[in-house]
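Chains: A, B, C and D, in written order; residue numbering restarts at 1 for each.
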Amino acid sequence: MDLNYSTEELAFRDEVRGWLNANLPADLRDKMSEHAHLSKDDLLRWHRILAKKGWVAPAWPEEWGGPGWNVVQRFLFEEECGYAGAPPLVPFGLAMCAPVLLRFGTEAQKKKFLPGIYHGEVFWCQGYSEPGSGSDLASLKTRAVREGDHYVVNGQKIWTTLAHYADWIFCLVRTDSTSAVRQEGISFLLIDMKTPGITVRPLILMDGSHEVNEVFFENVKVPAENLVFEEGKGWTVAKYLLGFERLNTGRVGVSKRELVKLKSFAAKQMRNGRSLMDDVRFRDKVSRVEVELMALELTNLRFLDEMRRTGQPPGADVSMLKIKGTEIQQALTELMVQAVGPMAQPFKAMQGAFDAEAAFTASLMPRYCSTRKTTIYAGSNEIQRNIISKMTLGL
Amino acid sequence: MDFEYNEEQQLLADSVKRFIEKDYSFEARKKIVASDAGASEAVWSTLAEMGLLALPLPTAHGGFGGGAVDLMGVMDALGAGLLVEPYLPTVMAARAVMLAGNAAQQAALLPAVAEGKKKLAFAQTEAHARYDLDQVQLQAESSGAGWTLNGEKRVVIGAPLADQLIVSARTAQGISLFIVDANAAGVHMQTYRTVDELRAADVQFKGVKLPADALLGQSGAALPIIEAVVDFATALICAEAIGAMRSANDATLEYIKTRKQFGQPIGAFQALQHRMVDMVISWEQARSMACLACVKVDTETNPNERQRLVSAAKIRIADAARHVSQESIQLHGGMGMTEEMKVSHTFRRLSMIVQQFGDADFHLERFASAA
Amino acid sequence: MDLNYSTEELAFRDEVRGWLNANLPADLRDKMSEHAHLSKDDLLRWHRILAKKGWVAPAWPEEWGGPGWNVVQRFLFEEECGYAGAPPLVPFGLAMCAPVLLRFGTEAQKKKFLPGIYHGEVFWCQGYSEPGSGSDLASLKTRAVREGDHYVVNGQKIWTTLAHYADWIFCLVRTDSTSAVRQEGISFLLIDMKTPGITVRPLILMDGSHEVNEVFFENVKVPAENLVFEEGKGWTVAKYLLGFERLNTGRVGVSKRELVKLKSFAAKQMRNGRSLMDDVRFRDKVSRVEVELMALELTNLRFLDEMRRTGQPPGADVSMLKIKGTEIQQALTELMVQAVGPMAQPFKAMQGAFDAEAAFTASLMPRYCSTRKTTIYAGSNEIQRNIISKMTLGL
Amino acid sequence: MDFEYNEEQQLLADSVKRFIEKDYSFEARKKIVASDAGASEAVWSTLAEMGLLALPLPTAHGGFGGGAVDLMGVMDALGAGLLVEPYLPTVMAARAVMLAGNAAQQAALLPAVAEGKKKLAFAQTEAHARYDLDQVQLQAESSGAGWTLNGEKRVVIGAPLADQLIVSARTAQGISLFIVDANAAGVHMQTYRTVDELRAADVQFKGVKLPADALLGQSGAALPIIEAVVDFATALICAEAIGAMRSANDATLEYIKTRKQFGQPIGAFQALQHRMVDMVISWEQARSMACLACVKVDTETNPNERQRLVSAAKIRIADAARHVSQESIQLHGGMGMTEEMKVSHTFRRLSMIVQQFGDADFHLERFASAA
């Protein structure tokens, strides 16, 4: 038993860490640190820096630009990016559309779409959820009817993250509504967001952010060549993606960074000349989260070790990492709000702007609000428990 | 033993509830929040007409002499409606005037408050005081017959809307309270919207000159007054939380009954049923403690015992507000996260109530120390 | 709004308290305080003292010996008994069989059984649960077949509390197994425990106690006159009892007493010259339980006030009191174990006996174990949540 | 990075697991517990034959030089089997001899332990010390060439079965360790069964005369040794807890799959499913921390950092053991409460592990202080 990375792995980590230190633009790091809004340009700028370095698509095969890393290296890279406070890489193209195309796409589709994804030239979003479908994905209603050499799409998607930035959307649509099994008759379509008939409507979340959208399709004509895999086999595609190797579901690197911030912020909060970190009540809460995070990191590495050993994808274990990881993320934002105390209430300056400190403290409560979504999205934690219950426990 | 409101209390609670349902819908509130002032003069007039502003004031100055129990049903209804007008700040400041002011000061302010002609704010919190009421750095220097104020107050709810501020300051004698015109020379506000859609400000006092009669009560004798005012307000936000939590629970119950997934309402899933039950139990337990807090701030004459029981209530309300608010969002799924659903606003107000006037940790300390 | 008892109620409480002070035998109070085993004689002794005073059956009508108290007085009496540390009154005769007979029994049955119950001459137990039935009472399988002027009973009951002390048992039995609705075809029978064919087998619980039993019935002949109400209507009888006015489900008085004991015990536990009650971590846990108990007392009184006001039985509200009350009881025993720390481990002296202090500390962990049952018995807390979910929330 | 046991560790873990399944069934254990000694000599011999007693001892004295990681799979299997023989006390005491004893002392004790011919116990806890290792009141006075012991130790697990006790005592120089024959004149034991079916004793030392070579290491220098021994043992009970929790989880899962209510297995109810999932997650997280603790007591050379990480592990194991033990009883319903179900015994052992060598509060303090 050896909980440490090998010498080679440590060298790799140091290389990544050193490179991130030198190449992560300070303004982007600061924005991340202040929980500021990231513009499309911010996201793409970081994407392109990584693309230039050849590190933007760690899971891709080398022929399409992947760096040829093993699972541990990929995990390390993702954790280091999280810990460094690098902007997230928007996953819809790199980690969702691309793997689907690599597995199910035609050569023509690969050639057409993969380079644009790799170089950050084409921004993708994901059209899965629909009003009323929630975690019950197979209940989707958006229809695509084949008419000659194209499909005509009608329906609505919801919770479409960054659709307002997107050039393209990949969608699950119903091409056969006669099938008795709901999972059948679903197809996987690639749709250009500039096609007439598409309307994007913002959904403002309670932290005031515009991140998700509703997307409406009204007689949208999609060339038949944009069908991925066979008509009616979209569920197979979607399932492949859901089971796709996810390595850092626990987001340990990000939480480690937030824990460091929490401790240093709380240490500066004084009461009667005593730091909040010397308050047993507060400190114990921080300690329990820290211990939980230590455990999660090891659990994540254990699963990774098993994955490397067996060559099998992690399966329902990922659900566990998602549950614990999101609980930790939420606990950290909540403790930050508790740390700032009565100063947590201000939100938006009515004239002029907050100074830097006030802007930071004003970002804590919205962040707490925003982080509530982590236990809801990407398969709510209730769904994750259902998965473990069924897959791991056989209940 | 009697846990019901008396007839007058019930009538008033019902009328406020009707007002919220009829004139203060979530849509109406949205417009108010989006307005420049962030609060509605028309609503304020209605509050005055319904007698809500006169209710907690002394009968000698146009009030009805009501206590926290009389306000309980009102706060409950306002909590459910998420009222953004500065009712609580005005009540707090008026209570300070009532407890510490002389007849002239009371006559100058309270009748106008009762009639809805004046709004007040209670300026107490400072940058590094957290929830400690005795941490007052703002200086009031005796200058000639009057006083000069220098310093800063933070997160003064309702300050941008107030005509007068009641400000705690440190004199040579100790902690004192002053009446300050909101537009007095040297008063500078950085105004903002709070997360729960209230208007508030950080208020700087730079050489603000006050007349002698701006001092409320004796110089240096204000701490017990401030403690009484904040305990009173804490009891009121406990009652407000009961209304807000009921609103969140009702919305969640309604949602899980109607929202379908996998072919049935999600409320048919036992895991969600049990969690919904726990939310209701949290609420019932919190409701009992809100009753206790309101009764005790009205009747308990020993300040130490009053503080102990108000802290007990706030511990339970803080825990319940946290539990109910978080679960209501989780059970709503994505919809609960959106600005357009009322429950996301109830979540924010409840999240702030968790901490307002002291979080559970603060009150655990006070509860144990007062025992 | 007035959270205080009226002057009359306070006078009543003082009367009860004074009487308990004067009449609760010191040896019984000490046994309760030390969590010692109560013998059948202990239980009956206290029963008879109360019977002599006329307070043993607060809920009975006056013609059968009830004191004519209203719900508040009955609540106060139960709470005071709990707070004083009086032995429990075994409910099977007084609070279960008797109300059933009063509501459904014939005059002959009442005359035959009620005096024996009242005076503590006949010890009753309850034959409801069966192996495999648990909280699903209606699944019971014990059969009673009518043969001439008697029934022949075959089957098994389980969790039969104090069956080894009992002279009589009241049972739910199946008299008609052809009914499609499981609740139909059940009857309510009174059975003399001395009847041939009855075997009582102890079930030892993990605290080492013998409290519950299995009761086996093999061709047990029961006179038909011992049928209560109509044949096949036993479910109606059982439901009446389940909905019967229960006032102190939260057991606030008992928990208040235990809280006082916990605080005084913890105050004496020293570490580095500092009392455990001055340890913020421990004290906060005690405070949170104390606050929860304050809230529960008020919630209980609120429901009582409503009951008095409306004249309606409390319904599903009782479930809430049961859930919170048992959670508090468990938390108190757990904190007691935490308070005694490393000394919690000893259980049973191998030769000689523990001294008084060691005997007390050795009783804490068994009590913690034993108290786990409170969230399981009398309708597990899961069943209570189901009840609230269905009855109060309409889910 | 490698979370698997090496081949030898795996082989040993498997053989212990087989031994438990075959020869240490719940029924077999019941008989042992009911016996006069409360432990089986035959089992002890088997442990010796399997090499478990030699495993943690130095190769120079008949041992295999194993560390906590080598013992991890063993403790896991013993935890699942709820072994009542005094394995851990013997390992702890032997470790003290190994860390502090001179060659003669080691030669006198350790080979006999390795061969299963001697059992030891570690007598450390005192009446008012709670979990503090530096609270030692038992007096060791230098008398002539030797020492005289006066005082009392509490809850010495395995003492009634031990040949020798390793006893912490205070000399003029400070905390020290002594080897004491269990049947030496002046040693008096009040023996008892613990809640988790172990044999233990409160041990009085009344003028117990010891020769000079009873002192282990330097007089006054034992605290770091005791800390190392207890950290080592804490890591081992973390591993033991993993086995016990797995056993409780397996039993519970099996129970809810087979137990029917309302016409279906209770495991079909979603509320129970989600709770079962949370028990499994608790176990996985605890398992990670048990690995950490075992690795660190073997490899971490900075005592401060070792203590910090062992405390981190114990916090998580205490929380998990509490959670899993309580839920396993609740989900078993009444059956779990009975003496005849193994899970009620696992519950008791886990409940004791929650507190053994310090409860979560104790380790939260140590974790934060060591940071």
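Here is the rule we go by: a contact is a pair of C-beta atoms (placed from the backbone, for glycine too) under 8 Å apart; a residue touches a chain by one contact, two chains touch by 3 or more.
Since the structure is predicted, the reported quantities are computational estimates derived from the model, not experimental observations.
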> Which chain maximises the distance between its CA centroid and that of subunit B?
Replying inline: D
> Would you say B-C or A-B is joined by more C-beta pairs in contact?
Replying inline: A-B
>> Please tell me the distance, in whole Å, between the geometric centres of subunit A and subunit B computed from their C-alpha atoms.
In response: 39
>> Need the CA-centroid distance for the pair subunit B / subunit D, whole Å please.
In response: 54
>> Nearest whole angstrom, what separates the Cα centre of subunit B from the Cα centre of subunit C?
In response: 44
> Among the residues of subunit B, which are close enough to touch at least two other chains?
Replying inline: 269-274, 364-365
>> Touching at least two other chains at once: which residues of subunit C meet that condition?
In response: 280-281, 284, 382, 385
>> Give the list of subunit D residues in touch with subunit A in this complex.
In response: 1-6, 9, 69, 72, 253, 256-257, 267-268, 270, 273-274, 276-278, 280-281, 284-289, 291-292, 294-295, 312, 315-316, 319, 364-365, 367-368
> What residues on subunit A touch subunit D, complex-wise?
Replying inline: 1-6, 9, 72, 280, 283-284, 287-288, 290-292, 294-296, 298-299, 301-302, 304-306, 309, 320, 323-324, 382, 385-386, 388-389, 392-395
>> For the complex, give me every residue of subunit C touching subunit A.
In response: 280-281, 284
> Can you name the residues of subunit B that touch subunit A in the complex?
Replying inline: 38, 125, 127-132, 135, 154-155, 157, 160, 190-196, 198-200, 202, 259-262, 269, 271-272, 326, 329-330, 333-334, 336-340, 344-345, 347-348, 351-352, 355-356, 359, 361, 364-365
> Where on subunit A is subunit B touching in the complex?
Replying inline: 129, 132-136, 139, 158-159, 203-206, 208, 212, 269-272, 279, 281-282, 337-338, 341-352, 354, 358, 362, 365-366, 368-369, 372-373, 375-377, 380-382, 385
